[in-house]
Amino acid sequence: MYEKVIRDNVHGDIYFHEPIFMEIMNTPEMQRLRRVSQLAGASLAYPGATHTRFAHSIGTYHILNLFFEAQDFQKISKAEKRLTYLAGLMHDIGHGPFSHTFEKINPRNHEEYSIDIIKNPKGNISKILKKYKINPDDVAAIIDGKYPNKVLNLLVSSQLDADRLDYLMRDSYGAGVDYALLDAKWIVRHAKIMDDKIVFPLKTLNAIESYLLGRHHMYQQVYNHPSSIAFDSLFTLWFKRFLELANNNYSFKNLAIVDYFDDRIKDQPLSLKKYLQLDDPLMMSFFANGAQESDQIFSDLSKRLLNRGLFKVVKSTPHLKSKISNQLAQKGYDLRYYFDEYIPKRSTVYQNDFSGKKDETIWFDEGGQIKPLSTLSVFTNSINLVTTNNNEKNLLFPKELV
Amino acid sequence: MYEKVIRDNVHGDIYFHEPIFMEIMNTPEMQRLRRVSQLAGASLAYPGATHTRFAHSIGTYHILNLFFEAQDFQKISKAEKRLTYLAGLMHDIGHGPFSHTFEKINPRNHEEYSIDIIKNPKGNISKILKKYKINPDDVAAIIDGKYPNKVLNLLVSSQLDADRLDYLMRDSYGAGVDYALLDAKWIVRHAKIMDDKIVFPLKTLNAIESYLLGRHHMYQQVYNHPSSIAFDSLFTLWFKRFLELANNNYSFKNLAIVDYFDDRIKDQPLSLKKYLQLDDPLMMSFFANGAQESDQIFSDLSKRLLNRGLFKVVKSTPHLKSKISNQLAQKGYDLRYYFDEYIPKRSTVYQNDFSGKKDETIWFDEGGQIKPLSTLSVFTNSINLVTTNNNEKNLLFPKELV
Amino acid sequence: MYEKVIRDNVHGDIYFHEPIFMEIMNTPEMQRLRRVSQLAGASLAYPGATHTRFAHSIGTYHILNLFFEAQDFQKISKAEKRLTYLAGLMHDIGHGPFSHTFEKINPRNHEEYSIDIIKNPKGNISKILKKYKINPDDVAAIIDGKYPNKVLNLLVSSQLDADRLDYLMRDSYGAGVDYALLDAKWIVRHAKIMDDKIVFPLKTLNAIESYLLGRHHMYQQVYNHPSSIAFDSLFTLWFKRFLELANNNYSFKNLAIVDYFDDRIKDQPLSLKKYLQLDDPLMMSFFANGAQESDQIFSDLSKRLLNRGLFKVVKSTPHLKSKISNQLAQKGYDLRYYFDEYIPKRSTVYQNDFSGKKDETIWFDEGGQIKPLSTLSVFTNSINLVTTNNNEKNLLFPKELV
Amino acid sequence: MYEKVIRDNVHGDIYFHEPIFMEIMNTPEMQRLRRVSQLAGASLAYPGATHTRFAHSIGTYHILNLFFEAQDFQKISKAEKRLTYLAGLMHDIGHGPFSHTFEKINPRNHEEYSIDIIKNPKGNISKILKKYKINPDDVAAIIDGKYPNKVLNLLVSSQLDADRLDYLMRDSYGAGVDYALLDAKWIVRHAKIMDDKIVFPLKTLNAIESYLLGRHHMYQQVYNHPSSIAFDSLFTLWFKRFLELANNNYSFKNLAIVDYFDDRIKDQPLSLKKYLQLDDPLMMSFFANGAQESDQIFSDLSKRLLNRGLFKVVKSTPHLKSKISNQLAQKGYDLRYYFDEYIPKRSTVYQNDFSGKKDETIWFDEGGQIKPLSTLSVFTNSINLVTTNNNEKNLLFPKELV
């Protein structure tokens, strides 16, 4: 029997039992994810959090494997399991440099690129899939949430999917915090399928409550950490300056950057070809080169990105906003590049009211009846409150000012 | 009281009680270590092993902290403790891209650059040190093993120093293997000082034996993993081709690489200034750019470095060596760039006979008498044997050949 | 310097720096705690949860040690620290067999016995304390919450005291569940003292929320596990039968049990002398002997206690209650001993309204202002709700009935 | 599909897929193992090491489960797997109080009792087995190493069997030491069957070397810990005094002890019936009762067993032996009960020369050839040396003497 094993620091040994998975992993498209950090600026606060989208992709595959050990999921056909594994492995193949950070400067999200990459007839992925008689559209459909067997879609994207279970554990492990060292095995191993839904037995309720609070805490401690926010802000300001210069025919010493971002200069989303060439190290080299540019603002912002010259983050108040902007102006800072207002990532924690949004109810099986989490767990309501109130803005500005 | 804390995924919270340490860490020189991976090619086998020299530097500081909790070490003066902490934090500040891998293409080792960086009167480090009335030479002396209080030197570099204890634990944790999840606290907390030596009580003997076997296994499983060997080899061949092209006036599309490696083209070690600009991402950008070059060999080796196109590694025999080189030649491969012989890193495991080498005896206190490990632990002899016999060569060549 | 170390499986090495602590630990009074299980019936569900009050006592000492590393707590005098350590080590010295289970059959709680044991002028504890010029009343006062320096009382008994932090971690570790693998170090290390209160900085809020939810889950999964409830119920019924027999001059083959429980037969709380002779193994030997008695009910209940013949636990409804009691009666079961109604332990989770109860507010420092948890964390309200509603009864009866 | 799960603190969730296993576990014979501690006196040094033979039995079942996931083992028939699981669950069913300690006072080892208990036609085990059409002799044969399919015997008893892998991990976890936190999954998951042998691939060599050194260290640190040795010695001396008194018609206040040990008074091994009534708590109650006896020696030794009044352990030399025995005699100690000489448990670490003993070679598969460990690992020779030299005696005597 074919068997390959990869030792993962989060889940231990991960086994692969079909050669197609290794072939997919060995494509340049997937290997690029080794050069895309999972957490971007958060690693500037948590020095151990340097893990990549590549490791996360393998981990997602592993959680799917655990799901398929649950009784109801063993019944899924081998072909559909294979499709799900492929979707899990490749759901993040379209992430750009610094993962979500990049979505701030390019008007096309990573899921769209993921689907493009998988379907691209000239790419390596679709060639391998076709060799194994697999329709790339089927894999893409699962990522897109449109595959006919809805359970497969839910396994890859829902409130309690393989993606989230892996990234929460992995980010927790990488950061060295224990908020999300979940009992994923317990939850997943007991999942059921009822009415095309993934449904959990009551004995997993406590573990799922822990998972939800853990996710809430991960947003507060890691994903919305000031270093993470400040890096995203700085990156956005840097790119704004880059576009400004490029549009004004500034002569860059390093022309490569202009070439790579040609689409963006023309206000277009990056083409798939250009996008696939980008990764964290290339952006880092742009920062290193940018530091040598004569434009003082671009050079300074480049250095800051390279060497953790992050802006200070404080809660915004009207008074503070006007006070700081005045001080900055007085000291000669260009407010367009040295002052930012930022709303943290919504934690998208579990909500009891999904009206007007994608329904992401977590379902439970109570003696054969399917019930939503909200009827069983009082505590989740309050997290909901916390979240929806948490749209306060942050102000960002150079630390030197303080 | 001043207090800063960094959450590390290996050791937990690491506390800093003097502002000088944070100032040092915030210099571009130290921040560069965030962009230097600890394990280079090993992360191509162990996807979680993406930790950096920066995290390792903080971890080394932490192990020193544990040493200073042992009774005998509490007596060391505050000033000398500070010097030791600084040496621990900066002992790897001179590492180049991909850490040890870079030493294969530049004839100056990282310790020499570390000392240069610390002493450099124009650099940020010496400025900060002087601000706090610290002589950079003293810090450099500890790294160089020449500080008058020998115990400080031993804390930073010896068989059981803060450096090794951190990197073994960290590499083990990153790779997800348990060979070197050491009981470092137990060992370090009970260390003593006798006759200018660091001496361990008998109750640490078993933990130290575990440490030695763990280190031996880390060499076998991680440091000398085929992926690690193959990456080092590929990088060396790639650079050989680069020099060949540069010396023959090949016209590179991306001229930056020629500029950065000007010293090497002239067969000189890299100047400190150029060296300090190099890091993993810049090298990665050279691979990405190199992939676009018209020279087929350089382009192919660049792509291989970028996307894990590693050579196969097999044990060398005269027969195999001639057989494979013939096959390669027949298929038109240039043997200078597609065939390599490689002796794995010596594991430098504990030896009982240090004649003719730096004495690295591990000393024990048996009832007041100082005794070497060799008189107390029989099993270390055999590891010694294993190691000294392990100078066999590996052959490396494209997998496609097989 | 005096130093003893004990290796604990939960916290690692625990250091003792004064001989008095080892002397206290070596008394028969403290050694008895090695024979008192922490979790009684819960170990019948979680086979690894066999840890003892002795290990918990040492762990409590250890958490106090962590508190005393926080800056504000370093200022407490050496003498008061010693008193607190002693109170921590001995706060559970008065626990009877099977810990809290025993309080169901004896009308005096363990805290009262703890204080008696410490103050007892003929006991070993007070002799040792006096040898070291320590007033036993001071140690007892801390346990009783009446020591003048209120902070010491709070360290040993409050919402976030050394006792709870240890037992939640230890019970979680023993049961193999991860609900309460707390970041106790982070919480404790940053505790402050303001206005005679223990106050926590905002950066510990998330960890404290995790702690509260973790405690809630421990009640649901471990402390109120059906096996735990069923063991407590069975033990109470067994003892009821014992008293019934003893009061009716039943002739026990093993007279020891009558002698030990003479006070209870007279409806008095156990005298200190008798109480101190009791421990889990002695009770187990009573079960073993009881199994040989001719009284069928006492014999059967004894066997059940010995060999996990637990009753079934179901939620009580009026209908079910009458149905089951009828069935039992029909089959000839004596309802007094084979039918029980049981309200689970209140989880005493954090409450926002302490009116009419001991105030156990958790206080936070928000920029110098002391604020209660309820103003900072919305989610704790809902746990409060869950808890106060959770006074539902359980029915217990022989499984054979089902 | 039938499924029961037990949460174990060492291995996590352990699944059972046939009702027979739960029925076996619920017999009084198996439940008795909840009252038999795994490590006896070692828990007096490591307070967390209170785990039982019951947990170990479940853990052994779990390791067998891991073996059966390896490809070669999947081929074993369902019936033979069931037999092996049963043998794993019950291999220690015959352990007496304090496990191996009891074998010092009863001339019949636990394996013999295990086989008796399984075969006993009146016992609960054989009844259940027969209900499921299983021949108790087959289960007993595996434990006895005589089942025709030798691989089953090896799974339950050999150098790398399910029993040892579980107890090393469990004892390590309980004691809180990391010597034997083995990579058991890695080793077991890759095991093969060749020529009726269990054979390991080379990629497990390092993990197996770690296992062997870990076992060696567990003997040094835990199994032969002075507290462990002193408890065994004290127990033996106590029982010697008991026999002396019983044979001299001493009138015990508590006659039960005489009844239980009637066979031993007659110099016979304990009958199965009596043996099955014994467990740790009953022995503890004998110590508690013994403390009340008028015979001063028996009373004192009983108290010592109850409250950790252990003897001191020192290495024996002829000089020391005569010196201490003289001192003891002078002070009026009865040397027969207050002076002991003790050879620690042989660590039975791997040996390369099994001549004259049960062959316990660990076999490896090197490219299809079966080779013994000794030809592949140099370091194991030295452990062998250490072991065979380690037959030095210890002297034990009251601490008060020193």
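Chains here go by letter, A, B, C and D, matching the order in which they are written, and residues are numbered from 1 within each.
Keep in mind that, in the parts below, a residue touches a chain if its C-beta (ideal position, glycine included) is under 8 Å from a C-beta of that chain, and two chains touch if they have at least 3 such contacts.
Which chain is which protein? Per UniProt: A, B, C, D = HD superfamily phosphohydrolase.
Everything quoted here is computed from the prediction, not taken from an experiment.
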Given chain A and chain D, the chains that contact each of them: B, C
Of all other chains, the one whose Cα centre sits farthest from chain C: B
Chain A-chain C separation of Cα centroids, rounded to whole Å: 44
Centre-to-centre distance between chain C and chain B (centres being mean Cα positions), rounded to whole Å: 50
Separation of chain A from chain B, taking each centre as the mean of its C-alpha atoms, in whole Å: 31
Junction residues of chain A - those touching two or more other chains: 12, 177
Residues on chain A engaged by chain C in the complex (per definition of touch): 177-179, 181, 183, 206, 209-210, 213-214, 217, 220-221, 378-383, 385-386
List of chain A residues in touch with chain B within their complex: 6-10, 12, 26, 28, 31-32, 34-35, 43-44, 46-52, 54-55, 58, 173-177, 254, 256, 277, 279-285, 288-289, 303, 306-308
Residue numbers on chain A that touch chain D, as the complex places them: 1, 3, 12-13, 71, 185-186, 189
